[in-house]
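Both complexes shown next keep chain A, but they swap its partner, so chain B is in the first and chain C is in the second.
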Partner chain A sequence: MTVLYERTDGFVYRHVAGEHLLVALRRDRTAPMFMLTPTAGFLWEQLARPSSVETLAESLAAEYEVSREVATADVAAWLEQLQSLGAVAIHGGSR
Partner chain B sequence: MVGPIQAAPSTDNSAAGWPPDLALYHGDEERGTRCFGAVVSLQYGGQTLRYRSASPDVALEVAGPRLAFVVDDATPCAAEILCEIGPVECSSSPLLFQAGTSWAARAPDALHEEICYGPDRSGGRGPWARLRHDNHLSCFEFRLAPRERNDVFQVGFPTDEYIVARRLARSNGLVLHASSLLQDGLAYLFLGHSGAGKSTTAMNAVTVGAEVLSDDRTIVVMEPDGTARAWGTPWHGSFRRATNASAPIAGIFVIAQDSSERLTPIGPARAIGEAFVRLIHPTPHAWEVELTLDTLERLVAAAPIAELRQRPTAAGYLEARRFAEAARR
Partner chain C sequence: MTCVLPTVRYSEVQGRLVSAAMKARIPLTSSVEIIATCNFSCQHCYIAPGADREDVMSLTQAKHIFAQLAAAGTLDVLLTGGEVFTHREFREIYLAAKRAGLNIYINTNAYLIGERWANFLAEWPPNGVSISVYGLSNERYEQITRIPRAYDRVVRAVDLLLERGIKVDLKVPAMSLTVDYLPQLKALAEAKGASFRYDSIIQPHEKGDAAPVQLQLAPRQVVDLDEALDPGLESLRPGMERSVARAPRDKVYGCGAGLFSFHVNVHGGVSTCVSSRQTVGNLLEESFDVVWERLGGKVEKRFPEGHPCATCKFRSVCAGCPATVESATGLPEGYVQQYCKITHLRAYRLGFHPTGIPRTVTEGIPANVVTPRASVARALPILS
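Take a look at the complex of A and B:
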């Protein structure tokens, strides 16, 4: 079964002055705001709907000049980071 | 190629993090206390709060720097707060926000929110106060647990700052952990967590002619013409100075202690991050955070922002003024 990922409702995203900001709604943490690279910002926008690693990697490879293999590995690592922050969860899974 | 997620850079000027301490207000012997009977109105940043006693046996009292913020009861008010003394029970409904052990916000039903303050300051287990309000932030009920004296209700802490911060978040404003200084009709803000030197900056600036709007917490309101305006507040720091006045903001400075003065302009995205982590009071709803970010975006576009490393003298303040003046040209 394909695993789908989705944004949680614990963060808001802003594109300000060329920077991609991810802001934690509950600021009971030492780092309530994160800066994303442009490609990470692109992936965040793709996560407007639940998406698989494969779908995200396909979008990334289509948008930027990168192989599917590299894109897949980057997307997987990025999703792992965002999951550890609580910004992304498995669609339909427990958070 | 995606790259790591990085925490937004922030000037490390204190070991303190979120949430900020809810420092208890102890009154100000120099400026005294005044009893107002059944009704008293206070105005902060253009927001008028009207406190009413729920009982004819309980008189409302205002103390210290808050006295400078009392306005005529005929002033149209933004919010009314009914004050009563009695047993405090809090709901166990879904949690909206937990601020350490200081307080927690919950939603007892779809139309109301409740802030429960506790545990009891005297060592008891129960909450010591409860604030209930409607979703429009206009009707409030504040209940204080019985104490030694139950015929006097000192208004202000902890309700006024919370109500004003929540209301401002919805109306182009915010409250920053910043001291603010007024000179020649312009306001200069010095952002920092506890211990960064906000009160010290204010104390030193007074020696070169500045007036203190606040030495700890400043209200910022974005006006329709794009002007960022700073307002004084009575929520003071160790310098205990507050002025009920406002002025357009000439510059905002993130302060840090150092062995010499160094001023470094910072870009809009980092400026938003620096200000965001120094906001007073969390907004428990995503849409309020979105509005606050809107306000911050307009604020950093309207006023120059820089990091100011400084010694505990007036030199940093003078350097900040020179920077703001150059930015205006």
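Take a look at the complex of A and C:
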């Protein structure tokens, strides 16, 4: 079964003065704000609906003209990091 | 290519944001006054004493304004009053601002912050809470705020917030009623782990009453207080050095007002900052872009011919600013000799000026320069 990932409601994404930011809403986050790279910001926008690693990697590869292997590895690392921050969760899973 | 989040210090992020905002004139920071009335009746206040019951921003209006701010690129928002915790919908307004992705700061007198509010703020943390303090006893508090037993409640609120890891900043209006207590208030802040600041400029009431200005300290008192809190005025030295190294400019505004910061009053009116009560437009009636453009026009103002501030090398460290000058004279390009005297006295004590006496004292103020209106001039202390 394909695992889908989705945004949690613990953060608000902002694109301010050229910076991609995740602003934390609640106390239980490790910092009040996180900064995304432009590619991470792109992936966050792709997560507007629940998506798999494969779907995200496909979008990333198409947008930034990188190989599927590189894109898949990057997406996996990104999802792992955002999961650890509590910004992304497995769709339908417990948070 | 990497999608992994870089680890960057918060101060570095802020520095990058401010730098980019200044270049592109992005309205990065704002204050929003959500209520003009207050549960205190402070003698020095320039907002609440003349406020009416209807001077309250509704939740719907606040949401509309937050949405405009977020769309325009605003990140940091100070919620201010009046007293924000007296707003019946403060909780909803605060959460609406958070959910708009704004970094929230709060101005408060903290009188109403008990465990319930402290727990709420701990769960939904602001970036900082700035608390006005007035003395070290219930009696002194009552003399200034006209509310009994306020000191005990405020100190408890400070402790409740600090215990929950919320950043607290204690600020004091330095005036005749508080001057004797400033060093002890600073010590109190340090003992509790809160930051501390004071403001030596007392403004007339926004609706014109000059009575608060009677509490203003004379220039020598201000600088003596500076020295008592900061022996040698060392914290002022770097700014003074930068200021004298810079060529004077004839532009009235040298701060971030209208460049990357602004203020929204309780009725949606937009001004340069919280100290300026002259609005240039209204976010409840006009688009943000139109109002922001108009504010940009205001901060492009130049000093009139012969204005003493146009050639002053201490202007970027002046005790006053265009907003406080505007409140005293009616014009941001006016001139208040009181502020000039404070600044020159600081420069003298730091060795940057031979006498500490501004040129306008010996040569007079040019006739085309607007000075404080008569009621404010009368209320200012006898100049030393």
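Please note the rule applied: the second predicted complex is superposed on the first by the 91 of 95 C-alpha atoms of A that agree within 3 Å, B and C clash if a C-alpha of one lies under 4 Å from a C-alpha of the other, contacts with A are read in each partner's own complex, and residues count from 1 in each chain.
Keep this in mind: contacts are C-beta pairs under 8 Å (C-beta built on N, C-alpha and C of every residue); 3 or more make two chains touch, one makes a residue touch a chain.
From a predicted model like this one, the values you see are computed outputs, not experimental measurements.
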Chain C versus chain B on the shared chain A, clash or fit after superposition: clash
Chain B versus chain C as contact partner of A:17, first or second or both or neither: both
Chain B versus chain C as contact partner of A:25, first or second or both or neither: both
Which superposed partner A:90 touches (first chain B, second chain C, both, neither): neither
Which of chain B and chain C A:66 touches, first, second, both or neither: both
Chain B versus chain C as contact partner of A:36, first or second or both or neither: both
Common interface positions of chain A, toward chain B and toward chain C: 12, 14, 16-19, 21, 23, 25-27, 31-37, 39-40, 43, 60, 64, 66, 70, 74-75, 77-78, 81-82, 85
In the complex, chain A residues that touch chain B: 9, 12, 14, 16-19, 21-23, 25-37, 39-40, 43, 60, 64, 66, 70-71, 74-75, 77-78, 81-82, 85
Parts of chain B lying in touch with chain A, wherever the complex brings them together: 1-10, 17-19, 97-100, 267-269, 272-273, 276-277, 282, 286, 289-290, 293, 297
Parts of chain A lying in touch with chain C, wherever the complex brings them together: 12-14, 16-19, 21, 23, 25-27, 31-37, 39-40, 43, 60, 64, 66, 70, 74-75, 77-78, 81-82, 85
Partner chain A, residues of chain C touching it in the complex: 1-6, 8, 10, 13, 16-17, 20-21, 24, 26, 28, 70, 73-75, 98-103, 122-125, 127, 165
